[in-house]
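Chain nomenclature is as follows: A, B, C and D, assigned in order of appearance, with residue numbering initiated at 1 for each chain independently.
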Amino acid sequence: MSPFLALLARDMRLAVRVGGGALMGALFYFIVVAMMPFAIGPDLNLLARIGPAILWLGALLASLLALDRLFATDHEDGSLDLLMMGAMPLELAVAAKAIAHWLTTAVPLIVITPVLGLMLNIDMSSMGWVALTLLAGTPALTFIGLIGAALAVALRRGGLLLAVLVLPLTIPVLIFGVAAANAALVGPAPFGPPFTILCALSLASLVLGPVAAAAALRQGLE
Amino acid sequence: MQLRGGDLACERGGRLVFAGLNFALAGGEALVVTGRNGAGKSSLLRVLGGLLRHSAGRIELSGGADEATLAEQSHYLGHLDAVKPSLSVSENLLFWTTYLGGPRGAAIRPALDAVDLAGLADLPAAYLSAGQKRRLSIARLVAVRRPVWLLDEPTSALDTPSQERLAGLMRDHLGSGGMIVAAAHGPIGLDGARELRLGRPAEPMS
Amino acid sequence: MSLGQHADFIIASYAVTALVVAALIGWIAADYAAQRRVLGDLEQRGVTRRSQRAKGDTP
Amino acid sequence: MAVIDLANPTRFLTLVDRVLPWLAGVTALVFAYGLYRVVGAPDDYQQGATVKIMYLHVPGAWLGMMGWGVMTVAALGTLVWRHPLADVAGKAAAPIGAAFTFICLATGMLWGRPMWGTYWVWDARLTSVLVLFLLYLGMLALYWTADDPNRSTRAAAILALVGAVNIPIIKFSVDWWNTLHQPASVVRMGGAAIDSSILVPLLIMTLAFTLLFFTLHFAAMRNEILRRRVRSMRMMQARESDT
């Protein structure tokens, strides 16, 4: 097994073992979305209209808050030092951790989206499209959040700092994600253009995120 | 194979930790770094391991694998054990062996035997005592062959038999041409090791 | 028995319930087997609990 | 005294080993009879055959609430009487209660589609069950993230008590919130008095599900005791290897 796959497998295993954070993101997402109608009111027509926005905001918050501990645990037990001394570039190690995090946090979140869609009265037949926008957009959230997680470790601060640093950077993802989801649900704008831009954002952050995060971790060496 | 540090200086948070440090180490030799608390023993090891930048001077490793950096040819044993409690003893070791580029599974068993943890291979690491975690961390040095060992107070948390076993491992490593740089307060069981004494830097930063 | 025009929903309800109950039973049975296996393994290695050594039966 | 005997986990294990097959057998028999009565039960004049979903939905709701009740009693047992089996009982009840709450929600949605024309309506009763489900998920998350059972039991016991105090407040708030927004056209479930031809099968099914709950709860408690035994033996193993 290559070092990349070994790290990916280790992080996924840690996430699903006792004490790991897998499903916690999906749980947070479920609760946030289920809370919205209490604030907005149970008007099904209104919920259907703003449903994609609620789902996307929930996914955004869940993705970012779950990232808080991504490097912190490895930093606290000394693993991060050893991760830096491998023959594999740190950028790849960081990417492996991010992919493992995406697979254990974002994928369950996408899987439960159709159920939440029912509760928000979103049309069943277009639910698949909304889930597809999340599938295309959440990698961007994870990889942008990665930078914040690395900065938080470098600065030795966690928690809300991560969200404050990263949330503004995710605005484009939110704009095009909700636009694509709305286009799929109600139209009249075509689904293609916003969805393509969403995919482009994900691909760009897939490259940019690990590079910036690795740089932040190296800067934080002390 | 030779490791040489010339005129090394290190600065942390605006404070000069050490400066003007010179040493040279050949294969089969050990260097014991001593000095009082805060003299920069740990910092020196982290500088050598590429985990901390040095503010001046140079570090050269000659005669090793050409394309690999010093960090990639070093084992670092710090104060923290890098052991994940929810993974079993062998899973922990297997991960670091694979990640640090060691041979496949075959090296796991002998390495655990070397630190006397073979009987606990399937136990989740959460159950290990501090000394056992330390030994699991040491097993990594045995499982993956790297020429330079950077050991930061390696005997801490170890009982006397384990300290003797570690001394044996270090002698084997030196015998096969490896190098050891160890920070220590007391004797670590290596005869004929050279000593590098860290004192207060000559003059404060202006 | 006729289930009327909404037969699908009735069948789906019973199917979901059966599935959840089966999953619960399966999980508990698998958990039991796993714990028994680990316990047997540990006993084979000669690991004892304090209580067994003290000849009492309070763990 | 019987209570003191049961306080001993080893004796409790022997008891479970002896009782569990009988309990499982009785549960299966009551289920068979209950399902037979359900098949024979008449349709509702208003809801037609979909009333058959009620035989799952109502027991689900009941056991979801009873599960939290079991956890509350267990929490008192942990915090007040320090009964050694109490936290085992509380931990074992959480996933089972959550599963029955899920059954209530899922069947409610499948019932709602033909009745309301949509799978989900923010109806006061369904919404309260949803909140209960969220509380259960929080409880499971608490057990899941704490690797040390000694620390998680007290935290879980406190959460169970806080939940028990809060559930009536939540129920009241949700009712109030719902009447504030109540759309006029929603057909409400249940309502009028139920005919005995429907009520009797419902009671039998509720009994069957309750027996199922206790069968599963006993088995899960046994697993939990074994898990703790494994834990203490592993600690011994780690300690003994050094001597």
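By definition in this document, a residue touches a chain if its C-beta (ideal position, glycine included) is under 8 Å from a C-beta of that chain, and two chains touch if they have at least 3 such contacts.
From a predicted model like this one, the values you see are computed outputs, not experimental measurements.
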item	value
Two chains sharing the most C-beta contacts	C-D
Innermost chain by mean C-alpha position	A
Chain C-chain D separation of Cα centroids, rounded to whole Å	16
Cα-centroid distance, chain A relative to chain B, in whole angstrom	37
Averaged-CA centre spacing for the pair chain C and chain B, given as whole angstrom	46
Rounded Å distance between chain A and chain C, as computed from the means of their C-alpha atoms	34
Touching two or more other chains - residue numbers and ranges from chain B	85-86, 119
Contacts with 2+ other chains: residues of chain C	45
Shared-contact residues (touching 2 or more other chains) in chain A	18-19
Residues on chain D engaged by chain B in the complex (per definition of touch)	147, 234-235, 237-239, 241-242
Residue numbers on chain D that touch chain C, as the complex places them	8-10, 39-40, 43, 48-50, 52-53, 56-57, 60, 95-96, 99, 102-103, 106-107, 110-111, 113-114, 212, 216, 219-220, 222-223, 226-230, 232-234, 236-237, 240
Of chain B, residues touching chain A in the complex	12-13, 46, 49-53, 68, 71-72, 74, 76, 78-87, 91, 95-96, 98-101, 104
Of chain C, residues touching chain D in the complex	1-7, 9-10, 12-14, 16-17, 20-21, 23-25, 27-29, 31-32, 35-36, 38-39, 42, 45, 47-50, 57-59
Residue numbers on chain D that touch chain A, as the complex places them	109, 118-122, 127, 130, 134, 137, 141, 144-147, 177-178, 180-181, 183
